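Next come two complexes built around chain A: one with chain B, the other with chain C.
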Partner chain A sequence: MSAISASEKVDGFTRKSMRKAQKQRKSQGSSQYRTQCAPVELSPLPQLKDAPSTEQQELFTQKLQQCCMLFDFMDSVTDLKSKEIKRATLNELVDYVSTNRGVLVETTYPEITTMICTNIFRTLPPSDNPDFDPEEDEPTLEASWPHVQLVYEFLLRFLENPDFQPSIAKRHIDQKFVLQLLELFDSEDPRERDFLKTILHRIYGKFLGLRAFIRKQINNIFLRFIYETEHFNGVAELLEILGSIINGFALPLKAEHKQFLMKVLIPLHTAKALALFHAQLAYCVVQFLEKDPTLTEPVIRGLLKFWPKTCSQKEVMFLGEIEEILDVIEPTQFKKIQEPLFKQISKCVANPHFQVAERALYFWNNEYILSLIEENIDKVLPIMFGSLYRISKEHWNPTIVALVYNVLKTLMEMNCTLFDELTSSYKADRQREKKKEQERDELWKKLDELRLSSAQNNSHGLPSVQNNNNNNNNNNNSNNNDTQDKSAEAAAVTSENKDPDDSVAAIESSPCAK
Partner chain B sequence: MAGADGDDSLYPIAVLIDELRNEDVQLRLNSIKKLSTIALALGVERTRTELLPFLTDTIYDEDEVLLALAEQLGNFTMLVGGPENVHCLLPPLESLATVEETVVRDKAVESLRKISQEHSPVDLEVHFEPLVKRLASGDWFTSRTSACGLFSVCYPRVSSTVKAEIRQHFRTLCSDDTPMVRRAAASKLGEFAKVLELDYVKSDIISLFTALASDEQDSVRLLAVEACVSIATLLPQEDLETLVMPTLRQAAEDKSWRVRYMVADKFSELQKAVGPEITKNDLVPAFQNLLKDCEAEVRAAAANKVKEFCENLPEDSREQIIMTHILPCVKELVSDTNQHVKSALASVIMGLSTILGKDNTIEHLLPLFLAQLKDECPEVRLNIISNLDCVNEVIGIRQLSQSLLPAIVELAEDAKWRVRLAIIEYMPLLAGQLGVEFFDEKLNTLCMAWLIDHVYAIREAATCNLMKLVEKFGAEWAQNTIVPKVLGMANDPNYLHRMTTLFCINALSEACGQDITTKQMLPVVLKMSTDQVANVRFNVAKSLQKIGPVIDSNALQTEVKPVLEKLATDTDMDVKYFAQEAISVLALA
Partner chain C sequence: MDAYKLMKELRVNYEQEAHYLPKESGLRLIESTTEDDSRISAKCRDAKVEDLWSLTSFFGYSTQTFVLAVNLLDRFLAMIRIQPKHLSCVSVSCLHMAAKVTEEECNLAPPVELIRIGQCRFTASDLCRMEKIVAEKLNFKSNAITALTFLDMYHQIALSHCTDRKEILSLEKLEAQLKACLCRISFSKAKPSVLALSLLRQEIHAVQSEDMLEIASHIQRHLKITDVELRLWSERVARCLSDYSSPECSKPNHRKLQWIVSRRTAQNLHSLRTVPELPTIPEGRWDESESEDSCEDLMSSGEESLSSSLGSDAEGPYFPLHLRRQHLHA
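Here is the complex of A and B:
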């Protein structure tokens, strides 16, 4: 018991770094071996390069069949000899298909695909760590990687071989094959996902008949990720492939592609783990906009709809993406979106989290954005002014205040008269807002009364409501602003009186005594 | 009726709609949440003709607003004029059932299901069923997934031609292109089967079930397992073997662990649904396999079901099956490499003793219990200890006490305070079962040590534990063993420990009775009123308030009152506050 430090005894939640240290020991997993009975011991076959050319094909097939034997890598002591034989054979096969010409005859295709399917297609094991955080935790690595890696390598060389014929291969590399390949993208092992990315890219390039299918399945994976499981390890890799696919789309864009943008890529922004694939996602979005600028308005509206409410880190990413979009925006598109967009930006600059405010204020360092703002200063300035003016006085962070002063100065230089007008009407505007709020409260109060009275008494509920309503109409003449303001202040003061219980609770929980 | 009809001049719809359209999401959300109030203000007529069309048209909003709207509309029947008008709620709900966000869609479907019950059979065919059809043949997958949840609510109340159409639509969705829709259909398969006529269950549902259970995606296949339970319940026993069992056997050996996990998780339900004969012949070997599965996840799920499975075995062969088939697997699980598996087993294994009886328990189970009590993982030990009462009934806890004690001691000092907390909670139970001498000898020191734990939650639990022990062993025992130690802590240099004395006194006074409280505890409390730490002083005031009713009234007047009066003039405002409160509660003013 003495090994446990006092701090740990107090704090049951062990630190993440400590947990991580424990984790690393067994960050290996595999469900490879599970489908098969005990493996038979392998005996080495002669080298392909030593065999006479007439027998090479036969030997190649034999070696492929030999490599269909699976071994248990979770148990590091069994079948050592056979594992080594398979490893050497796989190496030889990789070498064989990448350096020799004329080895891919039609009869080898089924053997090759069988070997690949047997080795790589498997149900991924359950994650060791159910709340696996890809940013913090070590991934579980595939235990059978020494073999699996070579099989992936072989598949890649097979696809890249100059003799490779998609017309023959398509009988084996079919929709089912692709579907299983896509499921493997959920692997926690980044090395595996990296191979899969390159392989899928090759397949997409070589098999025209599979392209639509691949896109649709990626669609399904993303939709399941967004709306059902919120868990899929390979989102970034799939987006990277899509980035280059989108790049190659023909114009005008098909409805299918636009739907993919609006119904899949934009909702992907809602994911909790956005940080893991945001760069790739933003790249895809910008690719779309460069292809077809008319998509700018729906895209920005989509981003505004999903704007993060509580996660500042994500908000910074959104702002980054908006800047990437603004970098390529056409001035006509800018005009269409400026109003809702700058309402959001105005909220961001006033964000109490200084990184969010800072990221938004950096927009004013961007020459192109600055020119767009200048062109539309009469629209942008009134939206931005309130927030900027307020935080220039209120923000807690001095850097932000300094940045805001610069922005205000820039804006003032763009349109001095408008700036002065806004400055002088600022107070009145605030008061008008306050009053509107009060009217809203009144309205709802009355509606609630109506609900109460109708609940209590169906026939006598109405008169009292009618009386109230007269007051409501009178309120429209706005000559009692001052009194309202005072009452609001008074309310604020009373709410500061604290409850004795509160202060006691604070004392009790404080560790040091008075 | 006048009240519910509203008044045009009062609440022009424009004002209300303005609220629903406000720029601020929070305000829109507030307005939507009070939609029923708005409807009430407008009256049923204008709700139908103006409000609902507006809502139907403007369904592009934040999902949070839409969610609130979907929920509200499910309770709107009276606000649109009762069941004869309820169908006018369908258009907005239909749009909501097609949005992307799952929670919104699900809520819309829930509301649609609710109001479907309020439709007359005619309206159901004229308005509701066409909506279901439209959703079922929608372009985007969202509307088709929503449709899946609506078939079963309208099926029982429509004509046979419409029924045939509904069956056809459901069939189509079961083989939909997108896995999302197939998943939705698979998850509603059982529910739909329940409302179908038995012949159609056999002709339609079984083929759909078989197809979904061999879907290429494991996320679909595992949902078929759930449906299996309902389907098997519906079918007569003689059909199960041919219609359900082939699929179930296949699922139990599926290559995806997720499907096998689902089978393990639903095992008790499946067992009940297929009856004793099939259980004996098929499920017992299947269960053995699941207990030996290569994925720990599956083993843990199966281990969780061990007790239930054994309990529900047919009585005539129960003991024989457990002893020859299940127990060997259980023995292996006790030394499993995965702690979740062991801990799942530990939470149910004690239950086997009641099923197997005294002799078998002593001979076969006891060694397993003892092994688990010594397990390296605290959770396993804790699960065993928390289920001790099952064994106690059968063989008495004494059999275990030799191993029990080291296990308890170790848990009591575990580094994780949650583990310590858990073991404290079982102390009164253990004390009751082990008896007072054993307790005094072995466990008393532990209970006292918890009082000075670093973590407040442990000190608090330890205080409460003392109270329960006193209730069990009586005031005399308290006076001899506990009270002196508790009162001794009043002189501890650590103010937190001094406060613990007060908390203990609060908890113990009632159980100890007037005599001990007045003669032994009160002097200590009063002495602490001059403590230099304010927190201690105001806790003295609180304690006095608490134990006041137990103290005899003479002492209250002569001893407590002056002390409280003095505290009421303390320099610290909190001490003053609680002293005054105590004075008024005890009526000493």
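Here is the complex of A and C:
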């Protein structure tokens, strides 16, 4: 990357637009290094469709073996002819497996898996960009995608072929295979992850014996992501697969699955890059709750525990998820969590970030949530009332104020008496607070006066206080006796003898009590 | 606070209250109208008054403002036939007019804000014009004698007679009940003095105070309110209040509330409802052994408890007993 001149920086940091411009060129990476020997040219083999059926098997195997030759795509000029031959061959193989029956005989399985392993299993190259931010930056794409894509396609068709026999394939598609497949989910290339997602989904579906292993490995990946590295590009894809698995859970739910929910899915909400996979994560959580409603309480308590405190974007996501959960919640479960939940919601509606407040207020547009609130209005309204009323007067954003009106009106229509009671007690509280404030202000004024008078007394030796009071535009004209009694206290209060002019200035500049 | 002075003032107000009553024939006309696009019905007026109540509450206006606004509204509607589409403008103008005479300058909500919050379709200049029309038709100067006027006075009288019972009769509660009654157009037919007295008696019955009851009777005699009239309105008030204070909730009417949110929030609202692309994979039944291909192979001894519990099928406290036994026998 070229050096960035000082003029292109702001506060010493590179301007984001500059950084983006540098990355506009699509970055590609690949770790498919060619073997050290001299470039081997591929000789084109005859077409499968032209070959007589007796020779097709043999030809098929030859082509598979041919495709085990890897090419360097970082170099865009060498071996163009051979690359093209391989590409065409792969294409042909994809067709062959998709359209013909009786193609998958037992002997082909090892050849197929070898070809696949050779082509796709590789150590992923380290990212070009060490500060890769998945939300902002363009991903590094796989340079050898023209070939790799076809290999993935082939694997998928292979798995989906009607003649596919898991009992034979399981000798080759084993735990080691799955482990390597899972590692590839960290690829930055979204196309690759998309294929991997579908492939792993099919493998999970067909290989019953691998299911527990796959789940365990996914757990490990997630736990490492949450607690150790905070880096993994394939979280969303894995969650999508899990969604379809959770959807198929048998009832009653196994302990293992419940543990997964509480120990992995809920903590996953704390990840910094939540925005990338929140939709899939929320879907998984809601699926769990639809399967077993008794999980509602621990889930919501878990979310409340991890409630974002400084990231407003995340808070909005959490609120969205809560609404999704409330959409499916059972009324008995709602009663269990209504109090802690609405305490959090009442904080959210008062949040100065308008998007958070908006999202929280919009809950009242949801018919089902309204019916839940209605049933429990005596618990919910007192919690919400204070902050709603306060922000109706204080919030800076006019849209929020209008939404608060809607919410208050809705609540008022639900139960007028309770609403009126809360209004009057709120007003009474405010009156009391105001009174206290006033009293406090009066006390300070008095103390200031006394301090000034005691300062005057000390410097000029004048017992009378009247002159000082007039100077101070003060209405509290205390009589001499009072002042002299209090001046002893005032002397105790003031630590130093201030210059009278300073004191006057101080009093005149202090704001009048409201 | 002089009881004698109060009684005298009461008398004066009683004599004048007729000036501020809405025309009864007009009110009856409204009550008898069925739901129609061309005329105001009772339901429509009641709904609008409830809206006014919400606005009063929201902007922190006093009960006096609300009661005065409703009084102006009813008098206007009883006098002039208007189309339902103008009802919103008329009612908000009444509210604004009432607020101007009752509330302090600093607490007055600007017309634009009133219109925005009330989700009204007219402009501030429309409001201004309507205010002039209403003021002119009703010959409105600064105030009106309403049920609240009487309620306040009755309350003061009651207090002045039994100073040690200050806490019992809550003026706020009475005011809230009055607001509830005013939401039904039928109560606008009552004489304010009678309505207020009915409310007072209702509350006195609730707190079961004999002394207060005597005072109420005293007032009744002083104003020469007939028993028949008082009984009629007391019954209606009792029914209305029992609805108001019932713990049952009424389903909020979501008819016309507009929920306006910012563009960004609107975009994100339904982003979670994605249709899953991958088909569901049903979990195997209990007797289908899922740990066929020895996941023990890769499990080393040094793994944490999480992984070991994840591999097991039949352990854990959540596992129902009878199935556990079945698995062991399989």
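One rule holds for everything that comes next: the second predicted complex is superposed on the first by the 401 of 514 C-alpha atoms of A that agree within 3 Å, B and C clash if a C-alpha of one lies under 4 Å from a C-alpha of the other, contacts with A are read in each partner's own complex, and residues count from 1 in each chain.
Rule of thumb we're sticking to: contacts are C-beta pairs under 8 Å (C-beta built on N, C-alpha and C of every residue); 3 or more make two chains touch, one makes a residue touch a chain.
Quick caveat, the model's predicted, so the values are computed rather than measured.
S.K.: Let me test your reading of the model: by the given contact rule, A:R224 touches which partner, first (chain B), second (chain C), both or neither?
M.R.: First partner only.
S.K.: Is A:T123 touching the first partner chain B, the second partner chain C, both, or neither of them?
M.R.: Touch status of A:T123: first partner only.
S.K.: Of chain B and chain C, which one touches more of chain A's residues?
M.R.: Touched residues of chain A are more numerous for C.
S.K.: Classify the contacts of A:G205 with the two partner chains as first (chain B alone), second (chain C alone), both, or neither.
M.R.: second
S.K.: First (chain B), second (chain C), both or neither: which does A:K258 touch?
M.R.: second
S.K.: For A:A402, is the partner it touches chain B (first), chain C (second), both, or none of the two (neither)?
M.R.: Only chain C is touched by A:A402; chain B is not.
S.K.: With the two complexes superposed on chain A, say which partner A:L443 touches: chain B (first), chain C (second), both, or neither.
M.R.: A:L443 sits against chain B, while chain C stays out of touch.
S.K.: Tell me the contact category for A:A169 with respect to chain B and chain C: first, second, both or neither.
M.R.: neither
S.K.: Applying the document's definition of touch, where does A:P267 land relative to chain B and chain C: first, second, both, or neither?
M.R.: first
S.K.: Using the superposition described at the top, list the residues of chain A that contact chain B and also contact chain C.
M.R.: On chain A, the overlap between the chain B and chain C contacts is residues 220, 223, 263.
S.K.: Quick check on the complex: what are the chain B residues that touch chain A?
M.R.: 1-4, 7, 9-11, 15, 19, 23, 27, 30, 34, 36-38, 40-41, 62, 100-102, 140-141, 178-180, 183, 216, 218-219, 255-258, 294-297, 413, 415-418, 454-455, 495, 533-536, 538, 572-574, 577-578
S.K.: What residues on chain A touch chain C, complex-wise?
M.R.: 170, 174-175, 197-198, 201, 204-205, 207-213, 215-216, 219-220, 223, 240-241, 243-245, 247-250, 252-256, 258-260, 263, 278-279, 282-283, 316, 320-321, 324, 354-355, 358-359, 362, 365, 367, 370, 374, 377-378, 392-393, 398-399, 401-403, 405-406, 408-410, 412-417, 419-420, 423-424
S.K.: Quick check on the complex: what are the chain C residues that touch chain A?
M.R.: 50, 53-54, 57-58, 60, 116-117, 119, 172, 176, 180, 244-245, 247, 249-254, 257-262, 264-265, 268-269, 271-274, 276-286, 288, 290-293, 295, 297-298, 306-307, 309-313, 315-320
S.K.: Given the complex with chain B, which residues does chain A contribute to the contact?
M.R.: Residue list for chain A touching chain B: 1, 4, 6, 8-10, 12, 31, 34-35, 123, 125-126, 176, 179, 220, 223-224, 227-228, 263, 267, 305, 343, 440, 443-444, 447-448, 450-451, 453-454, 457-462, 465-466, 469, 500, 503-504, 507-508, 513-514.
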